[in-house]
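Common to both upcoming complexes is chain A, partnered first by chain B, then by chain C.
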Partner chain A sequence: MEELNFEWALLTPEYILVAWAGAIVLLSLFSDRIGKVQLGYLAAAGALVATLVSLIWIDNSTDFAGIIDINDYTTMFRVFFGLIGVFACLASARYVNDRLLHPGEYYALILLAVVGANGMAASREILTAYISLELLSFSLYVLVSFAKFEPRSNEGGLKYMLLGAFSSAIFLYGVGFIYGVTGSTHYAAIGEALSGDTSDISMAMFFGLSLMIGGLGFKVAAVPFHLWTPDAYEGAPLPITAFVAAISKAAGFAFFLKLFTQAFGPLVDDWRYFIAALAVATMVLGNLVAIQQHNIKRLLAYSSIGQVGYLLIGIAALSPEAGSALVLHLVGYVITNVAAFVCVIVFYNWTGKEEIADFAGLAERAPFLALSLTIALFSLSGMPLFAGFVTKFILFQAAAEADLLWLAGVGVTMSFVSLYYYLVIIRQMYVGKPESLGRFPTPWPEYGAIALLIGGVFFVGLYPAPVFELVDDSTASIFTTFVENAGVVSQR
Partner chain B sequence: MNIVLFALIAISAGSGPLFMIMPSRYPQLSRYLALLVASTLFALSLVAFFVYQFDGGSGLRYELQWDWISNIGFFGEDGITFHLGLDGIGAPLVLLNGLVIFAGVFVSWNITHRVKDYFVLLFLLVSGVYGVFLSHDLFFLFFWYEVAVLPMYLLIAVWGSSTNFGTFTRTKEYGAMKLTLFLVGGSVLIFIAMMATFVEAGLGTFDLPALSEVAYDPTFQKTFFPFYMIGFGVLAGMWPLHTWSPDGHVAAPTAVSMLHAGVLMKLGAFGILRVGITLFPEGAEFWAPVMMTLGVAGALYGAIAAMTQTDFKYMVGYSSVSHMGFVLMGLATLSDIGVTGAVLQMFAHGAMTALMFTSVGAVYDQAHTRDMTKFGGIAKKMPRHSAFWAIAGLSSIGLPGLAGFVAEFHIFVGTFQSGYEWAGVLGIIAAAISATYILRMLALAYFGPLNEKWEGLKEMRIGEQVAAATLISFLLFMGLWPAPFVDRISDTVSAIQAIG
Partner chain C sequence: MGMEQAWLIPALPAAAFVVITLVGKYLPRKGDWVAIGAIAASFVLFFFVLADLLDVVDEPGFTGGEKSWEWVSFGDFEIRLGFFTDQITIVMLAVVSFVALMVQIYSVGYMRGDPRYGWYFAVMSLFVAAMLTLVLADNLLLLYAAWEGVGFCSFLLIGFWWEKRAAAEAAKKAFITTRIGDVGLLIGILMLWREAGTFDISEIFEFAEAGGYGATYLTVAVLFLFAGAVGKSGQFPLHVWLPDAMEGPTPVSALIHAATMVVAGVYLVARMLPLFELADPIALNVVTGLGLTTVLISATMGLAATDIKRVIAYSTLNSLGLMMVALGSHSVTAAMLYLFVHAFFKALLFLGAGSVIHATEKQELDELGGLASRMPLTTVTFAVGTLAMIGIVPLAGFWAKDEILHFTEVGQNAGVYGLMLLSVFITSLFMTRLFIRTFLFKSRDPESRKHAHDAEPAMTVPLLILAVLAAISGFVVFSGVGEAMGFPGGFGEFVFLEHAEEFEFNWDIVVLSTVLGAGGMMVGYVFWANDAVPATRMGELFRPVYNVLYNRFYIDHVYQFVIDRVVLTGSSIVSWFDRNIVNDTGVDGSAALALLAGWQLKFTSTGKLPNYALAISSGVIILALVFLIVKA
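Moving on to the complex of A and B:
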């Protein structure tokens, strides 16, 4: 048997995050001198340090003990998740200070969630990925219900946790079947068992696969496994809503893509239409129901469900090109969505309101905020100059390349539908009459965060080549063993 | 010279940050900056047009090609390139855009609400239009097409006006939303057809010259030509998908109506020609009768609807539908002379409609009503304004010596030549009806005894007169000496495979 590589240093970024999380809890317990706001910036610094440290492994291709890959794909997502953590902490600082207790635990859980997300992208073995997934999920369950005197927050957290536990069980049940059929939980070994002569693979395989898709579908909020999303989004403290929307989707898809490429890639023709059907249901329901919403959090929840539908197109069109298109859209979507949420958070910090009608006249009261939110919303709906247009374009083009033009067509149509409800918000901000004329300034840390994120939205929208190339190179490292196979059912 | 083309886009899009750093307290500064930017654009457009016309040679010139995405994923060497260039179809339309924004800034002088934001969005719109006319990459053509649609919602919803019809009100938000959704809805079809074209061609590039050399499967062409035809056709005001156009134009502020009816609607017709007809010759031939029918229907329907309007702007809005119907008829002939006429009509109608909206704006700003039945004899109070109106109207009717005549003449000759006699007859009837509504409007509002109520009306502002005079000079230019336009357009058009 091959000697396993136990180079513990490979996991340094995760050690840093965990240690930092612990230190923050202790600091907030024993030191009164550090304010709640400073604690947030300190946590952001921790996430940033871990992000920078993970850059050491650029252009590396090794693994830890045969269960965790340290390659460009991992590095890319470590950086990506780390930055999400940075922005989540920055955006939380004032909110936590004004409205929440126990800041130490709050920030520690954000950092731990990043560790879980890293693990999901890095694992090359299902159970390790599952444990990382649970680390992420449990952190999020607690964070969602963190406003403990608010019934909505508790309701959202409880719903999220109960359904989450249920879906985890379904997922594990599926893993059991897969292990039974292929005799391994390593992606590569499963992939090997499924390629070549596949005539003896039993239908149990597909049963297990369906269960796993269901479980994963829950984590990324694909219809019909999405029901927790609106309530959890609405109940959670706002920065956590942003964090959940960004990291649970990003990590979910990092895992989804890797697993389905390396382990189930050989069977792509068998599950392609299953995923495509999920994508259609998710896009259509998410976008149509979003029209009805009048709470900004619920609206963004449904719109993020719609976005999951677009991302699923990338899985359905599975190929190295579609993989990088998916990750590119994921990057564009997360930057844009976080920008939108930071704007909403600043608004909420001032007014304490979250109905769309409350945004009336925002352009008069806070021009920068209104402009940034408008840009973010236009980007989400896929208008040009902004990230959303380019990333969606490339993603849909990838589907068209895989003979899924109809699916791309549904995607285009639904992003057209989404324009309507984003315009409704924009109308409130620019045409609506403000309740009071008092201006409110954006505090400088938030100002900086928004400016950075909007800069990113423009950068990806106007000159995507560097990001696209980076994503393409990194994603290529999970496709090294990818061979398209005719599929089992069609061979029979 | 190719840097001029780039400058047209860069200046119009890049002026946004400049406006943003202008002090809000002195809106006059922003207005002068806008005038400066617009004058520069107009001057550069003139340079581009005249250099192209008199430089000898034809076809695509002054090309500029920068890599944007190459060799990543499914994109090949020339995956997406920022490919600019000027040809005989683009040149007059670039000039038109410069002309209309130049006039538009004068007309926008009395905007007082959020002046900076207004100009940012207005010039963003202009940059999108330049981008479409100059791009020779399918991706960027679509990119700029959407950029042109992007600011429309805010421009109409924030600075527009609602119309009260007595029993009901058409709000500006309604007009803005309707317009935006129609146009973006149309681009859904374009988007789908683009993806299909890219895959079918299999070249890994969106470069239009490269794509147009591919011989596409006839069935494929027949399937996807309507996507382009209808998708772009929505913006061209193709009947029966024109309904956004009157509502949107009426709700929009004057300069936006000018740009929208004057230039933006041309993007639609331009797209059908540059993308649909150029890439899919057999598809175009197959669907030409349908396009001809829709064009004739639009021309007739728009003219008849304009005849019954009492609101100046609705009348102009429906007349735009009617005139864009002529453009579609010209395109559907697929003959050299007909398509040349279509391009001429784009220019003629653009300048003429801009002039009409300028005139409507001048009355509305003073009277705060656009109901023509409430006026009467105001030519006595506003003589120059009335003269401008009359000239615009006469060009619209097709009076020889003005641009409209040259264009419509080409179109009708092309229509008969290509064997659509019925369409030619109906089209001429539609042109005759346009005389009815223009003369009716002039008679009702401008001539006859002066209505006492409007004793206080003053002549239109000097700036508006400058705008109107500039527009008229180009109507006369094309009407009296069409050669520079016709020669180059016809050179370019006859090189298109579908057009014989």
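Moving on to the complex of A and C:
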């Protein structure tokens, strides 16, 4: 057994987040001088500090105690999750001030969720990843039900928690099978045990795999494990809906991709079509049901389910290219989706309404907001010029390369369907008659955040090369063992 | 300045879009001069590019000027984007930038006083920029992006007067119908890329010529590409959006029909024709077949349409079908020649119709008539456009149409040729009807005629210029004319794919087409002169036929029916699912009472939570079972 590396400093960003979270709780308890809005900005600053600190480990490749990777993949996701935290705090500031109690706990939980997400991307061992996953999930359960006096929020949170516990049990059951077959919970060891001749692998392995796919499918909201999503999304306070949509998917996929590359990569030809089937079910159901929605939160919930379907294509087509395509689409999707949500949050702060019909005539009352939301929605539907087109295109390409052209075909068709329900919202905003003609006031911090995010949407859409390279380099670090072990990836 | 700087041609209108959108409000005249200035500059730039191209076009082995930049690269994956200039591109550039310039100038008069005047010029600029990018793209990815851009701008422009329900509906219809084709286009592009590993068009050609694609694979791929062209160029069965697209402002129709959007599909097929030729002959037969169908149904539908713009729209469908037939007969030259002259006379017809609508505020043929004396200039130019469309010697349409007929006779069987000749007659018939019913004889609505007059110079000057071009642009087929302008020869010796096609004068076709065209005009005159008694009687005599034509072969109805059925069935399934499994006890607050009174009850008796868990368990169990079956 080689010497374990206990360099505690490697986890500094997480320490910062945890400490900051504690400080915020204490501050909100004992200091009257800090307003609720300022608390939000303070929490955002904490997430930003942790993000910047994590940049210290750029181009590093080491691990902590053999269970946590500190490499470019980790760093990229630390930065990514940290920024999601920053935007979640910024977007919450006004909302929490107006509508929620206990701001200290609220922001502390957001920061803790980021810690959990970091752990999911960084782990190189299933149980560590699982504990991180639970840290993330527990924070989210509480956050979803944070609107204490709102029955919908309580109900959504409770459903999310009960089903989450259920799916965690399923996941752990699967881990048990895998451990039984391979004798380890380390990704690399599992991968090694599974490489070579796979014909004599016990059936228990595949039961374990099914159970784990189920558990992970719940976290990323793949059909048929998605049913909690609309309820939780609709019930949660709006900024938390945005946060859940972004971080639980992103962390789920960071974990999903790493696990299935490093641990189950050698069996890719066995499970590829299962993931592909899930992808098809998820794309089709998510996009078709979205057409029927009248509530903007539910609509975005179903559209995000559809997006999960596209992301699953990246796992089904597993290869270094597909992996980076997946992460890239994840980045593009999260930027765009957060942009859309921040727009909806700003709208909700003013009006307290969230039906699609309420968006009628928004273009006249708040042109910038309507334009930004339009851009975000076009990007989600995959129109050229915007991030959504490029990232989706690369993803479909990766699928085509892995002989899954039909899957890409389904994806293209479903993107076409998705355009329909996005256009419904856009039409409401531009064609509908507003109830009143008053212009909305301008909240500068939120508009600043929107401008940044929309800038990101255009940046990825028009000049994606830097982001591509970054993502590709980072993702490459989890594929090092994959190529050696399996040798199934044909480099073009 | 030269081919290296060709990217500036689309960049200028794109910049105009940005400028007008951002600061247009503060500019004098809301920035219309920015849009016109940009497109005028693009048109001037075009001549530099042309001159540069003419310098090198005679060099052996010349295939086109290219300039590209690396856009994305990671690992061994790289995408380059760039611009490519060759003879086909040049023709398209000429057509697009010139017609766009004319339309923009005309729009100053036509759109005056519109509340969204600035926005109109901004979107028009973006539309033109997208089309120019499409034309210049050296790779399929950029082409696709521009293709979508064109579609999106057309959505904005057709629905420009979105307060009008019909306009909003038409915009949606156009967008959705063309998007159906776009799905095919994207799949086709992915298929081509998958084997060749590149999006670059010339590299794909090389790969295909080296036999890189299997014959069936290539055939399927080009048919997917063609699906995109069918949608964009309004070929049967996706033609239904084009007549409805008339709801947009008339200059928009002119631009869409003459120079942008609809000819994009023709351009795509022309550009990719080497692939079609390498594929199974079925591919080009499909092109011919759909083109011919479009020609025939559009000409017959044009006979029954009553809206002046709609009739012209059918004439566009007709022309697009002709171009597709030409491509199906392996002739890029004939298709591009027709595209070139068509742009002039079609823009002329639309802008003339726009003047009529502007002056009378009527566009039903039943309410027009007798405008010749009130609007002499419009009448004369419109007559030139009509004759050009019919193909009367020596107007532009004559030369182009005869080229297509010639290649059909050579390249297709007698049936196709016969149907093409028939279409010449029907086209002549309905164009004559359009002209007579609009301009000649008694007015059927004297009130509107009273105020009618020729429009201001901003609108009439483009009409005159276009009329001159519609009259003379066909002469480019002669080598003498081409050489006089500095080209290596006539149109056929300049624009070609594999070998130069010198113009030949085929007396038999000339005589046939002239007889048919003139015959159509005479029959049309007899039918629709004065009170159009013979035509009315014919309509009554063949009432069922007339109804079929008037209802556009019921194609729209069938689509509507299918869409209703599919959407209704689909949505009822979906809403059942939604209501019974997700929504009913979802977070609508109806469960709130139970939740507060004793939430345990909810989860044991009424709540759907067990259903959720059931779905998760069954998902896992099904996965496991399938694994069991596959593995055991």
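Convention: the second predicted complex is superposed on the first by the 482 of 492 C-alpha atoms of A that agree within 3 Å, B and C clash if a C-alpha of one lies under 4 Å from a C-alpha of the other, contacts with A are read in each partner's own complex, and residues count from 1 in each chain.
Everything that follows uses one rule, which is that a contact is a pair of C-beta atoms (placed from the backbone, for glycine too) under 8 Å apart; a residue touches a chain by one contact, two chains touch by 3 or more.
Just so it is clear, the model here is predicted, and its values are computed rather than measured.
Enquirer: With everything superposed onto chain A, say whether chain B and chain C fit together or clash.
Expert: clash
Enquirer: Tell me which partner A:Ser477 touches in the superposition: chain B (first), chain C (second), both or neither.
Expert: In the superposition, A:Ser477 contacts neither chain B nor chain C.
Enquirer: According to the stated criteria, A:Thr182 is in contact with first (chain B), second (chain C), both, or neither; which is it?
Expert: Once the two structures are laid over each other on A, A:Thr182 reaches no partner at all.
Enquirer: Count the residues of chain A touched by chain B and by chain C, then name the partner with the higher count.
Expert: The partner that reaches more residues of chain A in the superposed model: C.
Enquirer: First (chain B), second (chain C), both or neither: which does A:Asn337 touch?
Expert: A:Asn337 sits against neither chain B nor chain C.
Enquirer: What is the contact status of A:Glu401 with respect to chain B (first) and chain C (second): first, second, both, or neither?
Expert: Once the two structures are laid over each other on A, A:Glu401 reaches both partners.
Enquirer: For A:Asn287, using the defined touch cut-off, is the partner it touches chain B, chain C, both, or neither? Pick first, second, both or neither.
Expert: After superposition on chain A, A:Asn287 lies in contact with neither partner.
Enquirer: Touching A:Ile426, do we find chain B (first), chain C (second), both, or neither?
Expert: First partner only.
Enquirer: Indicate the residue numbers of chain A shared between its chain B interface and its chain C interface, in ascending order.
Expert: Shared contact residues on chain A (touching chain B in one complex, chain C in the other): 320-321, 324, 383-385, 389, 393-394, 396-397, 400-401, 405, 408-409, 412-413, 416, 419-420, 423, 427, 430-431, 463-465, 468-469, 472.
Enquirer: Could you pull out which chain B residues touch chain A in their complex?
Expert: 67-70, 72-74, 114, 139, 143-144, 146-147, 150, 153-154, 157-158, 173, 177, 180-181, 184-185, 187-188, 191-192, 195-196, 198-199
Enquirer: State the interface residues of chain A toward chain C in the complex, per the touch definition above.
Expert: That would be residues 151-152, 154-156, 158-159, 162-163, 166-167, 170, 203, 206-207, 209-211, 213-214, 217-218, 224-225, 227-228, 230-231, 234-235, 270, 274, 288-289, 291-292, 320-321, 324, 383-385, 389-390, 393-394, 396-397, 400-401, 405, 408-409, 412-413, 416, 419-420, 423, 427, 430-431, 463-465, 468-469, 471-473, 476, 491-492 of chain A.
Enquirer: Along chain A, where are the residues that touch chain B in the complex?
Expert: Contacts found on chain A: 320-321, 324-325, 363, 378, 383-385, 389, 393-394, 396-398, 400-401, 405, 408-409, 412-413, 416, 419-420, 423, 426-427, 430-431, 463-465, 468-469, 472.
Enquirer: Mind pulling up the chain C residues that touch chain A in the complex?
Expert: Of all residues in chain C, those touching chain A are 70-77, 141, 144-146, 148-149, 152, 162-163, 168, 172, 175-176, 179-180, 182-183, 186-187, 190-191, 193-194, 197, 570-571, 574-575, 577-578, 581-583, 586-589, 591-592, 595-596, 599, 603, 609, 611-613, 615-621, 623-624, 626-628, 630-632.
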